[in-house]
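The block underneath contains the structure these notes are about, expressed in structure tokens.
All chains are identified by letter, namely A, B, C and D, in their written order; residue positions are counted from 1 within each chain.
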């Protein structure tokens, strides 16, 4: 029973590192990478549990996550690059036109 | 599901590598190093998937994540590049400090929850590791994917199509802006 | 005859209505005819009622129900008994004469009709007060006469002094009326009814000593307000701003005596409250002496008479305070005659000297105004208490009763009698004797008052003389007449002491006259240097003991300051401020929340994480 | 339906609404036509309300002329009108003051050219206001009452907002939000009541009579009363909630001020009795000491403030705060005399305060200013105006023989039977009242004739037409107060017996 426990702990740690990265780093790309890491941490949980619960549903989900992640990266990077085209900065805080 | 000694050792190794990769992503001075860190992380995870008898996903992970996404990042880095001077300092004032503190709290909560986890929540399914070994992971995965989950599968493809169209549109927008 | 008593009220009311609505159209002659006939007829009815009620203990004549709210049931009905009949007769009689006098006095005034309307309204209100059979109706009359005195004092409202005097009179009266109103409420709380007969019948049973003292004190506060006793007398001297016939009628003969009448009417209660009786007597004596001292140095003839009225009212309160209600009412009656006479005489002096009333600027009017002089002399003699004049008998009766009650009060009364003789004859000698100090053209122009003014004065002069004989110690028609109502305990048989006292007060009066003669005729310089020697005393008296300034500083100004503080500072800043503050607070909160949305992506991420952490925490701790 | 089956009250309440619609149908230009319709409608309503008063049987204490019809059955809300001895005379008073207001608006109203020409919309809002106010006095279903209570605000907002003086925007906003905030809690209380009814009887109902029989566990009546009380305290107004009043009265045009002072303030007092005394006697009893203290402060505070006001309209505004605080004191003391005094004072205050504000309007017309300092000696050029001002002022000061006295004195007698100290303090108000009224009267009317006011015109036809009925009423009600006291007698006795069971006073 303990194996699954460590796996979950591992993915939690990975997820936290990703989250911390998002909050700490100011470079849009690095933030984007951290998001990918968070997604992967979730995938790991899915697979661990699907093995634990002996059902493939978890893995199907990982499949879907991958699809989404791929699309996301494509568009995300497109946006970041076009922002860079507009204003030569990758610093997230400079981009705050949608101010309340 | 008792883990054989070998598995535990491998598991610990790959775990450590994954964490190291993740850490390097957030701590690297230059964006390129963090991209490489991400690559390492992905590869470690792929290995772990395979250990957890999800071979196809492991390979898919390698191809999709490690291959495509990391390369995309590198492309983006090329375009934007590190021309800018090094990061002005990772921590931006109170926001970052508060953020990291919160993350630690979050992690503690999750850990506490996991520790308190008793018994399996849902009913067990029928697909045991040896069934996978016997029938082959891809066949099983393909069957369930195209039988039970056909709708999500199609939707995923639509999503990817949208992704592609979006990326193309963004690219076109970029060409026009360069022409003015 | 009693059945038609209500006509007494109807005639003045009709007079008011006619003059008010048609006054300007029907011309001065008609106005005066309407006004005077109204009061004349009312006087005739009053005489009839006077005859009719002789010996009866009072007849009630309900007219209509005024207010009925639960147990609070007030009828508008008349109480006709010797006391009210006497008062009604005096009121209507004197006011009839003054109405006639006013025809001459107010002849050229543009607002002739309005003057007579107010005068009739006054008599109407006074009669309501006098004939009331319950406290509330008396209160209606009480404030009604207060209103009329306000209107009539401020009749020439263009003059700021007159307007101020009117306002002052109404407000000071209002202070007294508040005491009266609280007394009425206490009576209703105790008895459940306001009917005089009821209250007096059940009083001994219901009222404990504390309650009866409280009620009588409150009623007395009302009386001091209306009858200008200490401490609420300050409005009467200023009330001289009004036309002189008004001063004669309201501020000498009728309205100011309402307080005395009220105490006499409530004699049952006052008998049950010895403490209040003592208070009444002492305030009466104190006011008498106090006012007399001020009259000594007053230069304005009308104000001298005003202080004299306050002083004589003090005598009346002294009388009712010691339980001699009949003596009080007797003095009230005689005072009404001679004081009205003195005022009318002063009026004719003003009429002759084109409004000049400062005695320093008059003098030697004997030749110019012989009739006025003679009449003024009769009034002065009566006031001073010269034997054979009415004042002598009534004042002596009071002094006699005061002596029986407490020698100290008698001594104060005697002293005041002396001062009275001095100040009134000072006024007489300075105004009518010696060479004239008036300007040349005023002096030539001075002429005797027309017939319409002199006849009432003559009648009053006659009354001032014979008025006294109806109260001779043994004959005492007045006391006999009021007996059924006032059951005044009979004075001890007129032993030697009464005769001695009679002689003493006669001597005092003559002595006073002699002193005045000496000071103001033989050696006119003496008063001047006397005032220099006792300069501080003189200024104290001439500034009227600074009482007005005291009230202004202690009562009026502080209230105005509080009012200003509230109106300009507290209300707009604090109470209103609180409201506007709330509005601004809402605005500030709005902006505060606005900063959360700063467009920076990472702060949103942070808030998401905060949400997650909180939810997890909740689930953990639950 | 009442005995005759004829929906008299509904007619009274909704006729002005009909009039308002009629006014809209007429062309914008035909000012004369609009004014004629408005006057006709208000006169008819006055006639009907007097008929209602005549139909009223004084002997019975309960609700009469009742009308009832289902409105939203599912929620238990029904259309229910009725009137009892207490609210009987509020209808004719409202109708009369609206006739007076229409007459007073015969000449163009408003401070700038645009508003002066908008006659049609002015009379539309005025008639709408009448429906709202009449509805409040006649409604017996709590929700219906609340609907009218809020509906009345909208026309008032426009009337002050558009046709008011310079600071009208600020004044309207404050008035609107203040009243709205006050009555928000009332809605919550109404719903709570409905729920309690549902709890105990199984069916949602907002009918005032059934809710009266509801037995509520102790804390409920107190906080329910507190919620209702807040809305009414703002409306009356009671001491701390009065700051909207001077601004609203001063900035509103004269006819609207007459309505604001004459009628709207009575809604607060009516509310205190109908929903305080009759619905939650225990609640009122518990809150009585606080309300009494606030009322006393209100009397003295407002009187002193009125003393030093520079604007004559604010003097009268503060004076009506003082007089209404005394009425609230009367309600709180709740014995036979004070309640009779409350009924009387509600009507007479409406009349003499209307007269006073009309006079202020006339003064403002003649001299273009309301600052007392700039007046002086107006009685010489305008004797008639002086006499009318005198009578109205004496009515307000509570001179016996005029209508102000009877109500005021009855309340004081009632309060005296309860707590004597309160009566003495309230009686001080009588003196202060005389002081500031007389002083204001003197500075405007008496004294040396101010140069600029020498040419002031005396009262002409329309002014007299507006003023005379009020003055006649001031005198008639002063001499024959039983016209109002007797019909209200039975209801008051019922009220007293109910309140006596609860009275907090020795």
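Worth pointing out:
One rule holds for everything that comes next: contacts are C-beta pairs under 8 Å (C-beta built on N, C-alpha and C of every residue); 3 or more make two chains touch, one makes a residue touch a chain.
All figures in this text were calculated on a predicted structure; none of them were measured in a lab.
Least step count on the touch graph, chain A to chain B: 1.
Among all pairs of chains, A-B has the largest number of C-beta pairs in contact. As a whole-number value, the distance joining the C-alpha centres of chain A and chain C reads 99 Å. Inter-chain spacing, taken between the CA centroids of chain B and chain D, is 74 Å. One finds 105 Å separating the Cα centroids of chain B and chain C. For the pair chain A and chain D, the distance between mean C-alpha positions equals 68 Å. The set of chain C residues touching two or more other chains comprises 602, 605-606, 609. Counting partner chains per residue, chain A has residues 19, 22-23, 26, 93 touching two or more of them.
Looking at chain D, one finds that none of its residues touch two or more other chains.
Going by the touch rule set out above, the chain pairs that meet are A-B, A-C, B-C, C-D. By the touch criterion given at the top, residues 594-602, 605-606, 609 of chain C touch chain A in their complex.
Of all residues in chain A, only 19, 22-23, 26, 31, 92-93, 95-100 touch chain C in the complex they form.
Of all residues in chain C, those touching chain B in their complex are 602-603, 605-606, 609-610, 612-613, 616-617, 620. Looking at the complex, you find that chain B touches chain C at residues 92, 95, 98-99, 102-103, 105-106, 109-110, 112-113. Considering their complex, residues 174, 177-178, 240, 242-244, 301, 304-309, 335-337, 340-341, 344, 377, 379-380, 394, 399-401, 405-406, 409-410, 412-413, 416-417, 423-424, 427-428, 430-432, 434-435, 438-439, 442, 445-449, 479, 481-482, 485-486, 489, 492-493, 496 of chain D touch chain C.
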